[in-house]
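Across the two complexes that follow, chain A remains constant while its partner is chain B and subsequently chain C.
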Partner chain A sequence: MKCTVCRGPAVIDVRRHNANFCAEHFAKHCREQVGRAIHQFDMVHPGERVLVAVSGGKDSLALWDILLDLGYHADGFYIGLGIGEYSDESGSYARAFAERRGATLVEADLPGDFGFDVPTGSLAARRAPCSACGLSKRHLFDRAAIDGGYDVVATGHNLDDEAAVLFGNVLRWSTDYLGRQHPVLPEGHGFPRKVKPLVRLGEREMAAYCVIRGIDYIVEECPMAAGNRHLGYKEVLNEVEAQSPGTKNAFYFGFLERASHLFTPEAEAEQLELRPCERCGAPTPNDVCAFCMLVERAARR
Partner chain B sequence: MKCTVCRGPAVIDVRRHNANFCAEHFAKHCREQVGRAIHQFDMVHPGERVLVAVSGGKDSLALWDILLDLGYHADGFYIGLGIGEYSDESGSYARAFAERRGATLVEADLPGDFGFDVPTGSLAARRAPCSACGLSKRHLFDRAAIDGGYDVVATGHNLDDEAAVLFGNVLRWSTDYLGRQHPVLPEGHGFPRKVKPLVRLGEREMAAYCVIRGIDYIVEECPMAAGNRHLGYKEVLNEVEAQSPGTKNAFYFGFLERASHLFTPEAEAEQLELRPCERCGAPTPNDVCAFCMLVERAARR
Partner chain C sequence: MAAVKVTLRNPRREVDIAGPIRVHALVERLDLNRESVLVIRNDELVPGDVELVDDDEVEIRPVISGGST
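This part shows the complex of A and B:
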């Protein structure tokens, strides 16, 4: 197997691109794909400050690494979620990466700052753990970006993540979620801009990128996520992808090109109904935002 | 396991309905579901003549059986496709059923009437066999209905079929196909009305219906279809269904309720561009329809 670019020994194949890469050209390929995504979807403008949502996993650390290499002003933001050893370990990977790259890591801590962790918060709110966790992370990303004067929040969702989310949204025809599933959500209504620069790269590529670049990351899936539907959707899409390489890419980008606009009017109408949360000022369709409700319920337990 | 209706011994469970049935109440359940689909989507009106597209498989024979039991004037239409023993055998099941029920079976024969069979036609037209076959069947259904003065063509597509087709259409975001994927396609533009009264029933239920009613049908999949994508999509959806019973139903009917209307304008615009085929008069966007082109190419070989 030879590198498609330099004909040297290749270390990875990317079937949907019908290409093989040596370590050097694979890292270049990843940077190019991120650059293309940023350009294609107008994600970040010159001089803007980016806050990278860092979990300590392969995707967010690779994203941060690539954004720094591409010359962006990118700080990291890590949230301690209080998921036992998993959180301790993931935090240490995030901090080690920041130190190695001489980059700034902003931190928040759910138990320390808000008095609850994901396991107890999810029980208190009677939400699935991934639901309570996602809601908390989105809230804290937005707040950290606005408080810190960042223009953009960048998350490490890759093509596999987005295709699996799309599959779930389509299986249920959640037209509101479909209307918001875009690699760029513009700023406004009290939200910072949110971008997903890894949408042109798959999960396997992000793991390979970290190995090649010597980035240590938490390999285990979050213990709270085990057996969730999202992981099942990923497996199913992997089966289809194995039969027809390129299916995930065509599914996700075909949606963006030909269907996503059909669902946006509903999502935009919902945004118009947002107002500031009575307690924290975050945009919400209700008097009190879902995060403040979660904090309250967790405190009552 | 007891019948949900009469508490007698049950012979089948239907997980997505959370119900078990004895033989008698299962047959009743199937008839009710067909009746509900016909009513829900306004498929057949009183006094109309229905032509059932019969393949000799479980779905089409069960559909014909149920339509007759529900009191519809339903004749069968069988096409000999020239797929070796598979066609010989499937034809004999269709004829045996018609004789047993004292029903009328109209027949056409691709090799006898048009000089080619599906295997050679697909080679000649450089189409996948399922593509050449589907195109021929749709053409001959339409023609037989119009020539015979039938109001409606009914096909045996069940929930599993429609969910798998929808999955394929969504994976590729084939917005034109999505705009036409409906259990009723109205008459007009030179087409008879086409309906799918089995959309509320799954594949396993149709097989069980035939067993319970003593209907002999061809059990083998068509040998030309082996390994096609459609069957792969069915397997994948079966995995998701096993994890979350009701997923296929929610996927298909959620599409009809909340998304299909978003795709219809494009499909309707295409219909306006149809004109009669120069050779056979069937509606086509070109001078000569795809079926007449297939006949010509097959004759040239």
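This part shows the complex of A and C:
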């Protein structure tokens, strides 16, 4: 197998592009795809400060690495979620990367700062663990960005993540979520801008990028995520992709080009109903935001 | 016993597969989807057309992760 660019020995095939790459040209391909996504969706402007949501996994560390290589002012933000050894290990990968790149890592700790961990919080709120985790992370990312004076929060959602979420939202016709599924959510109504620069790259490409760049990341799956719906959707989509390369890309970008706009009015109407949480000031449709309710319920246990 | 030593993850386990065998065939033999894994030898990616021989040690690393979005 030869590199499509230089005809040297290839180390990976990317079937949806009908291309093979050597290590050097694969890393270049990944940087180019991130650059194209940032440009295509107007994600980050010159001179802006970016806060990268870092989990210690492949996607967020690869994203941070690429943004730094592209010359962006990108700091990392890691949240200790209190998921036993998994959190200890993922935090150590995030810190090791920051040290190696000489980058700034800002940290928060759910148990230390708010008195509960994800397993406790999910039981207290009667939410699925991934729901309590996602709610906490979104709240703390927003807060860290606003408090730290960052212009934009960048997350490591890749093409597989977005295609799987879209698949789930379409299966259930969750029109409110469909209206918010875009690579850029603009700032406003108390939220920082949020961007997903990896939407043009697949999950396999991100893992390969980390191997090629020598980036150590947590390979083990989060123990709380086992059996969740999105993992199942990804498996289904990969079965289709193996038979018909490019399907995930066509599904997601076809939605953005042809259907996304049909659902945005509903999402925009929801934004107009937001007001500051009476406890923390975060935007919420209720008197008290979902995160403050989670903290309160966890404290009662 | 001479064989290709294969380490799988999530959960971590090891299996021996008789060589020689190409990487694509190995992935198929283990009933895995090529879109969902990488094959790594000595910290380097091994493309699908490479033939593995007995005593090669490879890791098959899953690439799917997912949780909250």
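Following the convention adopted for this analysis, the second predicted complex is superposed on the first by the 301 of 301 C-alpha atoms of A that agree within 3 Å, B and C clash if a C-alpha of one lies under 4 Å from a C-alpha of the other, contacts with A are read in each partner's own complex, and residues count from 1 in each chain.
Simple rule for what comes next: a residue touches a chain if its C-beta (ideal position, glycine included) is under 8 Å from a C-beta of that chain, and two chains touch if they have at least 3 such contacts.
Just so it is clear, the structure is predicted and the values come from calculations on it, not from any experiment.
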item: Which of chain B and chain C A:E239 touches, first, second, both or neither; value: both
item: Partner chain(s) touched by A:T247 [first = chain B, second = chain C, both, neither]; value: first
item: Partner chain(s) touched by A:M1 [first = chain B, second = chain C, both, neither]; value: second
item: Partner chain in contact with A:T175 - chain B first, chain C second, else both or neither; value: first
item: First (chain B), second (chain C), both or neither touched by A:C133; value: second
item: First (chain B), second (chain C), both or neither touched by A:R100; value: neither
item: Partner touching more residues of chain A, whether chain B or chain C; value: C
item: Contacts of A:R258 with chain B and chain C, given as first, second, both or neither; value: first
item: On chain A, the residue positions that both chain B and chain C contact, one per complex; value: 239
item: Chain A residues touching chain C - in the complex, by the definition given at the top; value: 1, 10-13, 20, 23, 57-59, 130-131, 133-135, 137, 157, 160-161, 164-165, 202-204, 206-208, 211-212, 214, 219-222, 224-225, 228, 230-231, 234-235, 238-239, 241-242
item: Chain C residues within the chain A interface of the complex; value: 9-10, 33-38, 40, 43-49, 61-69
item: Residues on chain B engaged by chain A in the complex (per definition of touch); value: 170-173, 175, 229, 232-233, 236, 239-240, 243-244, 247, 250-251, 254-255, 257-259, 262-263
